[in-house]
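Everything on this sheet refers to the single structure shown next.
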Amino acid sequence: MKPSIDWFALSPVLAMLGAAGVALLTAVLVPGAWRRAVAALAAALGFAGALTAAALVYGFTDHGHGVVADAMVRDRFGTFAEMIVAGSGLLAVAISYDRRPRGCEHEAEYYALLAAAGAGMAFLVTANNLMTLFLGLEWFSISLYILCAVDVDVVGSLEAGLKYLIIGSFGSAVLLFGSALVYGSTGQLGFAAIAQAISAQGLRDDPLLLTGLAMIITGLGFKASAAPFHMWTPDVYEGAPTPVTAFMSAATKTVALVLAMRILVTAFGAEDDLWTIAVAVIACASLAVGNLAALVQRNAKRLLAYSSVSHAGFMLIAVAANNQAGGEALLYYLIPYSAMSLGAFAVVAARERELGKPATVDDLSGMGWERPVLGVAMWTFMLGFVGFPLTGGFWGKFLVFRAAYDRGWIWLMLVGVVATVVSLPYYLSIVRAMFLRTGAELRLAQSAPNPVAGGSPPRERLLTAAVVAALGVTVASFFVVQPIIDGARDAANALPF
Amino acid sequence: MGNFLVWVVWVVAAFTCLGSALAVISFTNPFFSALALIGNLGSLAVLYLLLSAEFVAAAQVLVYAGAVMVMFLFVIAYLGRQADAPWAGGPSWQAIGATGAAGALFVEIIVAVGMKASGRLSDEASIDTFFGTPSEIGRLFLTDHLLAFEITSIVLLVAAIGGVILGSHAQAAGPPVDGAAPRVGAAEPRPSGTVPAALPPQGEASVR
Amino acid sequence: MMGPDVPAYIIIAGFLFATGAAGVLMRRSPLIILLSLEIMLNGCNLALIAFSRRLGDLSGQIFALAVMAVAASEVVVGLGLIVAVARRRLDLDVDKMITLRG
Amino acid sequence: MIAGAWICLVAPLAGALAIALLGNRIGRRTAAYVSTFSVLAGLGGAVVSFVVMLGRAGSDRTETSTAWTWLSGGSFRVGLSVLADPLSVLMMLIVTGVGFLIIAYSIGYMDGEDEERRFFAYMALFVFSMLLLVESGNLLMLLAGWGLVGLSSYLLIGFHQDRPSAIAAAKKAFIMNAIGDAAMALAFFVLIAHAGSLDYGPVFGQADQLGGWAINLVALGLLAGAVAKSAQLPLHTWLPDAMEGPTPVSALIHAATMVTAGVFLLVRTHTIFEQAPRIQELAAGIGAATLLVAGLVALVQTDIKRVIAYSTMSQIGYMFLGAGLGAYANGMFHLMTHAFFKALLFLAAGIVIHALAGEQDMRKMGGLRALLPRTWLATMIGGLALAGMPPLSGFFSKDSILASALAGGTYGKVLFAAGVVGAFLTGLYTFRMIFLVFGGEPSAYVREHLHDSEHGEGPFSMTSTVAVLALLAAVGGWVQIAGIWKPLADFLRASAEPLVEPSVTQDWVTSAIATAAGLLGIGIAWWVYSAHRAAVPRVDAARRLLEHKFYFDEAYDALFYRPSALIARLWTRWVERPVIAGSLNELADGTRDAGGLVTQAQTGFLRLYAFAIAAGVAVLAVVFLSVR
Amino acid sequence: MNGWLTTILILLPMAGALVVWTAPLSRHRAGSFALLVALAEVGVWINALVRFDFGQDGIQFEQRTSWLGDLNISYHVGLYGFSLWLVGLTVVVMAATIGYGFWVGRDRARAYFGLMLLLTGAVVAVFSSQDLVLFYAAFEAMMIPLYVLVGAWGGAGRLRATVKFVIYTMAGSLLMLVSVIVFGLSQGTFDLVDTGASGSSWIFLGFVAAFVVKAPLFPFHGWLPDAYREASPEVSAVLSGVVSKAAVYGFLRVAIAKFPGPAHDFKVPILVLASIGLVYGSLLAFRAPDFRGVIAYSSLAQMGLITLGLFSFNDAGLDGAVLQSVTHGLVSATLFLLAGAVERRTSTGELALLGGMARGRPALATLLMATGIVALAVPGSAAFAGEFLILAGVFRQGWAWAVVGAVAIVLAAMYVLRVISATLHERPGSAVTDAALDLRPAELAILVPLVACLLALSVWPAAVSERSFPRNRAAALGAPVGWTVYPLRPATFPRDLELKAK
């Protein structure tokens, strides 16, 4: 029987996929001078369309249900995440646009891959069985492998691509074997069906299922770059082109965590006594490792990479809470986090372009005064990462802690507090570099980079606009928390907590 | 008798599979490894047949052993001597750790299977003759797993684009400069403000 | 069913998976690492097909076919990267790809 | 009546504020006049109050007025209130009267000083503070005045602000007084906790219900405050040093008014002390001890002002003795006469110092009798009054205190003996001073410096005020003649009923003995210092003891200052730097080290990363399998 | 209309900050505009003061808008008597410090003045917030401008100082966040007026952690010497004068009002810490080698004293604590600004290099002397009034606390006199030249109002102490159960002094 295809549910994915196709075509059809602009425009339109479509789907989906032969699910939980992904992609396009002034190959393919990756992610968050899960994962992963290595001329980029590919494939293989074991144990691929099978056949203690669960957690933890599966993160984030890093840090984390929550809650609800503890431990490890390692980083991107590890830890607390509050917390947290992460990497990218070299924290010296908009934005992002009020990061932490409290895990809140305190020095070191140096120190920093970057800083309107947009999201999510929470609550309702 | 033959085939295929897998990871020369992998894939195809997965077995031989491995061999040949790399190296605890971790995984799977085997793992469904036939597979691909099918094609497409980008980029970069330090192509001058020409890109990145 | 029971297949699958993992963990040549990854994926495939047989459910086979395609895609990208690395005249040795660390 | 009190209180404050606010816009002389006349206005207010009060019946002579609630905490409230009763009016008269004279004197004395305006502002501020002290209608405002006089004293002692010794003396005075303030505050806390109020009425009304411990603590605290303010043992060491201030300051603050505030306090709160008789006796004992110790130390001082300062301590000792024994009116009487003759002595000394270009060392003086005859006369009057020679004021007041002691039982008789010895010492050190300064031939130093003959003994403002004070010192005692008439005691009876009233016989016996003792002292002084011209006694050990003022300063240094400085240093070294500041650094370093370890694991080796994943999944699976 | 007053007080400076940041103003214009806003803020506050009904129980100028309705979190602001005074302290000190920053011509003016205005808004929000989350948000929001203000315009060691400062305070306030969440969720609402009392010691300690660091109390003051020394003088003035009072508000409004039982249980440890801090700070102030060090440690001592008052649990102590908060805020702000004036003239704050500045600089001498006199709590001054009430209050918890406080009064005299004489008196120090002029008219315009406020308070301290709490304190603080305040007049002495916690 031919399945009925819910085109509407697929529309966000298709928008991005279509944009990828158009962008790909421009590589062939549009003359060189226009190629970049057209491809970027196509990608941007795709992401914007996906955002709109996801919002529409969200609006017109009251309760979740499987579509396309139950291969994917149409619910608010997924579409909420799709919106985040599409928004991240939109900002990523803006950040990327000034990446290379002119005369470079494969601009069009770059945007095509970006859009394709976005499509993969959007698809992944609506995956409803292990097969679509794996395929979606590989879809966006392979796109990202290529994007990481797209600066083939830079050895770091190449190294990052290769490392990501090998470790990523390794992780996928682990996930896949886990899926196979779960399939073998329950005989089902669909998430809900797995849960049914577990309860119907009394499979709670099934060793194959447990081993499979361990492997699935590992595979998803890897994508979310949670410790101890995080080790690829700093290297890849550092080596990859910065706009790609920005996109990865925001969107990959979003989909990995959203999917982790979906599969763990939907399929393995019966095993929650195991996986909540495991996820909590992984969260703690991520918090510890990410923050400690970030303390001693000098490279700005690497620092942010470790910071993303620690934030994975925070969001995993919400996952571990395994309750409605956790769902809300995760979905809320992802919005400011994605904005801040994208924005922060964008600012680093701006500095890198200015200096023509990878930016260390010291290289950011004085940037707050030279480029106040970026500076203030970066300042806000850093404060948001810490969880200061006036940024959505505050509510993120607040809600995560609330979820932990609802779960009864006050100790987990305290771990989060300690981790935040440990994280302060390095976040503030960026603000310090950007704002707290004056006079002689400033001139020193300016004279350090190579002469290519002389004169006034380049005007990167789109990048600035993206940063301002991220700033807006970061700040607005603090003040207008209620609508977002309403949305997140409806979305989290889709999961069977 | 037929059953005995199946057993023989199974044992041969299984041991070929195991042996060739070990061979893949043991050979110094990637070329031999690749050949061993072909053997591995072939023996797997036999096992698939024994598991009533005719179509998969065929695909395994055609796609995998045929197309993919040819690509492998081609690249290995293209790279020539460069493809040779040390067998292992690094601190010995790494090898020990690797063996340990892999062994642990294997043991765990055996234990899991063993614990489960006392349960219901051995009893298997009765299947009809259509099981695993191309038509049945095709039907499923166009109904229940339509989405997976489509996505598979998209993934392949993405990979193709990647191949293009990575491959052609390498060509566009022109003749590589000798030595380790300048790792970027010097054929065309880099536009200002993006990628440094003279700086070792990760010079500062790796220091703490 | 003819031949041994499913557990035997799963053990072979597990062995393949572990062997592939060991290869990834131990080898320094990216090419052989890629080959090892293929072994891992094949282990997964064998498990999927074995389970599919036990359950009499073709989904496992479909899954296995999809995995094959994905594996092929990974190989394409991986080989592309390896070629690019080689063209940069860098050593094909993952232990020397440590400019990113710390 | 109360209006007069308010005028009296506010006028000097207005003067001080006017000088402070107008600053350079008025001349120096104008500032002096503003100050003088503001205090004169205060005197006018006091006189008005006094006159009105005299016109009323004895029971109707107490009036209070509250301007506003100064401080409140819950149900506890304290008003900014003024009390006019005989005691406060008497003090108002003394303070404004003597204050007016001394400030007028300063017009001449401070002429040509740098920053005269500041001086006169401070003086007016002082008078205001003192008036606040004596007029306040509750203990807290009394304490406020108490603190403000200490502050003015600090400001005026340290008037010569570039002189380190002056600044040190000022600080010492303030801190000693702060100790007293703190002790009083503690006493007030007990009162608040118990009586719930600091108004005189409720406090005194409930004094007999406070209970043993509480009332003794309160009295002890008040006594500590009084002792500190009045430079009694053991908190007396600041007063000699306070002579660093200009001489009019010494006259006004450290002789006539502020230092006697302790006596005023004892009288004002006599109800409390009467409920704590042991403490009251302690006060009397402290007075006796102080009068002896100060008298002895005065014998070896070489600084003219310090001699008078020790004499002041000694005389206040008498007042404490009197007030401690319950002879409140007699204590207040001595307070009044002491204000006259001691101010006179200081001002006269001021003329001497002024004439000698600021020199205060008596060893360099001598033979001034011929050169400054009017000053000599004034000093003689003051000195004789101080020594208690009839018919000068000191005779009446001191003898009445001693007579009260004689009437005060066994303890009183012991104190009486001390008082007689003190009278002897008073004669001795007073005339030692007079003989050293005025007797003999002019010294070389005097001849060299005293050539400003046209200036004579100072301008009119100085000589005239000295003359008025000499008159007061001479006749001031006649307001109360023991056994004959006692209008002052009757006047004060409404405020403080005396506990002891000596008989006429006791009065006469006392007069005879005390006068004889004083004469003996004067005679010995003449024999030693005039006939033999010896500056100091020759007994070395005793001299050293006396010159070190019984080692009080050294003891305080060793007991309080050094330990606290040491503690502060030790805390800085062993707590603040290593623990408070260091702990965070250690913690931060530790965390960074941990971070270093984590990044060391991040070797860049791909295989390690894969291994982490493999190990992770292996561990996770083992855990999952084993817990089920 | 009245409801908007509080919101205006919060938003006016924030809006001003936005204007300063976004409008292309010159340095001069930015400074004048900021000053204008700050003065307008003072005007609004005076308006509020006039409209405030001190006789009325409960909260006034209340405004409430739902923020996160699921958790009953709202934007809920309003003023009690004591909040009004603390807000007044804030607006006055901020106006003075902004004026000072304008006068000394801080570079990067737009950023600077914007941050100062933002800080004003945040502090006012702290003092007027009636919702725990809003309180926390404002409490933290203060740190945002402060971090940069200390770090960008501070002295040579500012970078270290800021890191210490922020880490210390954040460690405390994150523990408070945990407490906020646990308390609010367990109560079902985060509204300070709606919540009842809680008996949980752990929640209480979480709050206390934030406040003892912010105040700071004795062993938690590691950030204080560096921050106060390295920040620019006007920022130090704000830090010690205003920001530290956030802790007072927190203790009063949250820790004591909402946790009567735990507050009682932990009374002794807190009093011990406060007392130690009082003596410790005083002694270290006495030994500190520099002007600002003296003020910094004296701040530690004074905050200990205020804490004594807060944890005396009676009317006198609480009234005294509020009065002393206001007084100390004004005193330390004035002293820091004066220290800044001295440092500007001599380029040093080392007391060993100063001296003799009184001669020829009457304005400086007068103002420093006047402020110092209040600072050392000479009887009759506002600071004395506050200390007196506090100690009279804490005396009821045990005579020993009052004795410690009395000792500290003497120590205060010692260190204040030391700093006065080392600056003004004796021989001119090596750093004091004739080029060091007297205070300029502009500086006088900034400092004289502050000193005038102090003197006015000295004349009438009851203006604050009588008007901090309405008669019915329990109703005022919105703590329906467990909040008992002793009557000042006890039955016997010295027993029955314990707070009977329900």
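Should a chain be cited, it is by its letter among A, B, C, D and E, assigned in written order, with residues numbered from 1 in that chain.
Methods note: a residue touches a chain if its C-beta (ideal position, glycine included) is under 8 Å from a C-beta of that chain, and two chains touch if they have at least 3 such contacts.
Being a predicted model, the structure only gives us computed values, none of them experimental.
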Strictly by the touch rule at the top, which chains does subunit B share as contacts with subunit D? A, C
So, comparing C-alpha centroids, which chain is the farthest one from subunit C? D
Between D-E and A-C, name the chain pair that shares the greater number of C-beta pairs in contact. D-E
In whole angstrom, what separates the CA-based centres of subunit C and subunit E? 65
Between subunit A and subunit D, centroid-to-centroid distance (C-alpha), Å: 77
As a quick test, compute the distance in whole Å between the mean CA positions of subunit B and subunit C. 4
Give, as an integer number of Å, the spacing between the C-alpha centres of subunit E and subunit A. 42
Contacts with two or more other chains, residues of subunit D listed in rising order: 588, 596, 599, 602, 604-608, 610-611, 614-615, 617, 621, 625
Where does subunit A touch two or more other chains at once, residue-wise? 131, 135, 138, 142, 145-146, 149, 152, 155-156, 163, 166, 170, 181, 184, 207, 210-211, 234-235, 238, 296-297, 302, 425
Show the residues in subunit E shared as contacts by 2 or more other chains, in ascending order. 167
For this entry, which pairs of chains touch? A-B, A-C, A-D, A-E, B-C, B-D, C-D, D-E
In their shared complex, at which residues does subunit B touch subunit D? 90, 94, 97-98, 101-102, 104-105, 108, 111-112, 115, 206, 208
Residue set of subunit C touching subunit B in the complex reads 1-23, 25-32, 34-36, 38-39, 42, 45-46, 49-50, 52-59, 61-66, 68-77, 79-84, 86-93, 95, 99-102
Subunit D-touching residues of subunit E, taken from the complex the two chains share: 164, 167-168, 219, 221-223, 225-226, 280, 283-284, 286-287, 314-320, 356, 358-359, 362, 366, 369, 373, 376, 378-381, 384-385, 388-389, 391-393, 395-396, 399, 402-403, 406-407, 409-411, 413-414, 417-418, 421, 424-428, 460-462, 465-466, 485, 487-490, 493-494
Mind pulling up the subunit A residues that touch subunit D in the complex? 163, 166-167, 170-171, 174, 204-205, 207, 210-211, 213-215, 217-218, 221-222, 228-229, 231-232, 234-235, 274, 278, 289, 291-297, 422, 425
Subunit A - residues contacting subunit E, complex: 369, 372, 376, 379, 383, 386-390, 394-395, 397-398, 401-402, 405-406, 410, 413-414, 417, 420-421, 424-425, 428, 431-432, 435-436, 438, 481-482, 485, 489
